[in-house]
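In what comes next, chain A is part of two complexes: it sits with chain B in the first one and with chain C in the second one.
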Partner chain A sequence: MECKLVPSVCSYCGTGCGVLFEVINNKIVGTLPMKTHPVNEGKLCIKGWNLHEHVNSILRLKQPLVKTFGRFMKTDWDEAIQLTADRFKEIIAKHGPDSIGVLVSAKITNEENYLAQKLARAVIGTNNVDHCARL
Partner chain B sequence: MTNSIAEIEDAGCVFIIGSNTTACHPLIARRVIRAKEKGAKLIVADPRNIQLSRFADVAVNHRLGSDVALLNGMMHIIIKKGWHAEDYIASRTEGYDALEEMVSRFTPEKVQAITGVDPGDLEEMTRLYATNPPGSLLYAMGITQHTTGVDNVKSCCNLAMLCGYVGVRGGGVNPLRGQNNVQGACDMGGLPNVVTGYQPVADEAVREKFSKAWGAELPAATGLTITDMIPAMLEGKLKGLYVIGENPKLSDPDWNHFNHALKRLDFLVVQELFLSETAQVADVVLAGASVAEKDGTFTNTERRCMRINKAIDPIGNSLADWEIICRLSTAMGYEMRYDNPEEIFDEMAGLTKSYAGMSYARIGLDGLQWPCPDKDHPGTPYLHKDQFTRGKGMFFALDYKDPAELPDEEYPYFLTTGRMFAHFHTGTMTRISPHLDVEQKTGYVDIHPEDAAKMEVRDGDMVVLSSRRGDIEAPVRLTRSVAPGTIFLPIHFGEVPTNVLTNAEAFDPLAKIPEFKVSAVKVHKLVL
Partner chain C sequence: MKEQIKSWLEQGTVDVFLGYREVDHHPIPWCFTQEAIEEVDDLVVSPARYSLEKIATHMAAEDPDIRIGMLARDCNNRALNVLYVWNQLRPEQVVTVEANCCPSPLKEHADCSYLEPGTVGAYKKAVGIDNHLRLEAVEAYGPEEGRNRWMYEFQKCIKCYGCRNICPVCFCRECSLDHDDLVGTGPLLPDIPIFHLVRAVHMAGRCIDCGLCEDACPMDIPLRLLYQKVNRIAMDLFDYRTGTSGDQPPFSILGDRVTLEPKPIQPVTGAEA
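This part shows the complex of A and B:
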């Protein structure tokens, strides 16, 4: 049995409490507060204590989906990515780059946000980039 | 936040306006309680009686959307009593005379007429804030989600600067941000007018710097905000939308209007953990990985950039969001290849002054607070020390403006919206979490018993709530936490879609933030 604690940050609000994920045999079984963390000093709220539950949910999407005739079909990454890239390129060719919008996210990492706005600006060629800060 | 979370404990006075802190930021509320235990005064101004109201030295319910009048009224008293920090104002700020002239008109009587706050309470809360330095002002969406959101924020800054509380430890103007990486998303340039570190796209030098680094010409025209994208979709100008880790179908104002807009799109891609309301109407759904399945950084509300570490492999055949974006970019003809998120971070830090001194090694377990401009910089616990970032702190003389929609004969009740303690945002993550779901399984509407008597409804009855945008049904919860004349709806529940009622046309002209906090509604009992 392999057991480890992995330091992370709670994703249920902007406070940024330090947490430790309890991992047994590559499965997350619990969330603990980090004792030494400058933000939460070993405390968590009800949402933080249960952070691991959404990770393990049976409702998680496990592969990309493509809608065909109104119904979702499971697909592989190559097809989903190629289809998305082709459709975006088609729209750009027909209506210009500003006909596409990218909503980045207050849920994903800094690195991912950086890449998402880079994709919008450098690849698609639009500043139509926003996220839910206002909502 | 201008200041740090831990510093709240050392404030002389904590003033909370428009934040239900115990429900939405519990571990910040803990600092408020600790400050109180150490002898700090606590003031709560909120249209509802929130949990912290019970601990407050003074708690007032000001009418929804009357924040500018309330804050101007406080400044009126401060100047009249001579409680303002004259030396600080003279040496560190500008625009004071216009502010003084403006707030001189906000007499306690006028403020009472607009806000409903008793002049005695107004004077006492003002005295506590102005005479117990340093004062820490905390606010959240109760201040910003208004047509006057920018004015509200500026008024908070006016008040704090008037007392000399900005740029000192334990003081400050402290917005509590609602999402784990909303600060980071803004810092990283997830906005239509700026790239990383708030460098404006309109600036040619900035565009040149990024064009060189990225090897692609950058567009100069400011893009569309989410609020502008909706009409652009309806007009057929916006044809494709790529949504990452968001559920705008539930979180945007005026659900019916937004739904209609989404249908006009030629192509919608949603990258998500779950088949959210928005993902359900997408053409392609890309399965992202959760916080536990990837490396990276988040930046919290106090500007602290912190590491998250991969604990397990992505579930099923899902992929980390950074890998999905790289693959999509490469498929579109722009090669994006990184071995790990650390390489991405280093590229970003090289282009962003406030993050320039950060690296994964330096961030460690505790994180680093920006600005951190070089490798030896220890990070910045509070901003504007000795000098404001812009030089001098600017006072803005602001008059009170009514919200876009006030109750009238047809729609007699104020509606306000927000979160409750067990759930997060649109509930995508918390409602499938067994221990959180059990706390609150479905939506509800909070109604004061006096209003309920007039409507002839009892606790648990179903009511129909109608605004000029649409109707929804919800079970009644009787509570004195709302004032008579005001009802409250939580935003987490798709089966009680609060944003059917809210107004997409009412938003702050500058910040484009919708006025979620004020709508007018009518309520009647559902008769089957």
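This part shows the complex of A and C:
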């Protein structure tokens, strides 16, 4: 019997509540609020309480999908990123960099948000950056 | 204590021992095993309480024969008694190491580092219910004012189900609170007061007054007082003190026959809330 409580951060919104995943025999069976976490002090909303359900859901996407002839086909990350880069290049060449916008998210870290705007400004060449907190 | 736990693990008295260990300065429940016995040196009696017995029931559901050692405050022990009564764990599969506990009508003289009274705002004091009042003080509000004050508390509920999820003695596979015919499960506000009263009724003869639900309630609803009320009835009518013995509660309709006799009913003196 292997039982562990693994500290983590809720992935649903930008608040960043501390959670503990209850892992029994390598399966996440439950989520608990972390009592000593400074953000949520032992409390969670209904989404946080049910984090383990989306981790275990059969509907969860575990790899990238590419829409080919109107249908989603499974692919790997290398191919998906290459394809996106190629399409971006095509669009930028045809319509200019401002035809692309980057929407970032409260669910990722500050640092990842920073990197995303860097990608938008330095690589794509546009100031069209926005954040879900402003939508 | 650590030597005792180590010897239990070494001799196979228990397969696992549930206690706490600090991870990045956070005390979290930790499952100590014989394979990693050196970890027992890091065992702490955490000031933050978690329902270790609930984790134990989840392990027992995977492996019914598992023997579990557990760090137990008084509330953990009361919860264990209720879990034995309801066949969620077997007394012979659990051994405990005692730790200090929190004050409760079921255990007057005790101290818990965690349940320190927080500050209660003036508005809540004026229109709602101060979580730190004693039950008698809440009952003294009388039926009408009492109802208004409780409704003020209930209407704050965001229906996170945290009170049920964290509760050591809530283990039903199908919970009434998830059942659309009994309690509207969809939108907010939840159906009040029925959402809270359904749970309150279920807590009669079951709630062991650990206060974890109130700790977990994001809206600071005085849930512990609510369940103290229903258990006061169990105490007054049947002389049943939840969690203090392995006796069947007076309200079980399934399983073994109820053997408890009602206590002779005393004339009602105080006002009913």
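Couple of notes before you dig in:
Quick note on the criterion: the second predicted complex is superposed on the first by the 121 of 135 C-alpha atoms of A that agree within 3 Å, B and C clash if a C-alpha of one lies under 4 Å from a C-alpha of the other, contacts with A are read in each partner's own complex, and residues count from 1 in each chain.
The criterion applied here is as follows: contacts are C-beta pairs under 8 Å (C-beta built on N, C-alpha and C of every residue); 3 or more make two chains touch, one makes a residue touch a chain.
Since this is a predicted model, take the numbers as computed values, not measurements.
Shared-chain residue A:55: touches chain B; no touch with chain C.
Within the superposed three-chain model, A:3 lies in touch with chain C and out of touch with chain B [touch as defined at top].
Of the two partner chains placed around the shared chain by superposition, neither chain B nor chain C is touched by A:73. With both structures placed on the common chain, the touch criterion links A:42 to chain C but leaves chain B unconnected.
After superposition on the shared chain, chain A has more residues touched by B, the comparison being chain B against chain C. Applying the stated contact rule after C-alpha superposition, one finds that A:114 touches chain B and leaves chain C untouched. Once the two complexes are overlaid on the shared chain, A:30 sits against chain C while remaining clear of chain B. Put simply, chain A uses residues 4, 7, 18, 34, 36-37, 43-46, 49 to touch chain B in one complex and chain C in the other. Across the interface of their complex, chain C is touched by residues 1-5, 7, 18, 20, 22, 24-25, 29-30, 32-37, 42-46, 49 of chain A.
Within the complex formed with chain B, the residues of chain A that make contact are 4, 6-18, 21, 23, 26-28, 34, 36-40, 43-55, 57, 59-67, 72, 76-77, 80-85, 87-89, 91, 94-95, 97-135. Of all residues in chain C, only 15-16, 23-31, 48-50, 55, 58-59, 62-63, 66, 114, 158-162, 165-166, 215-218 touch chain A in the complex they form.
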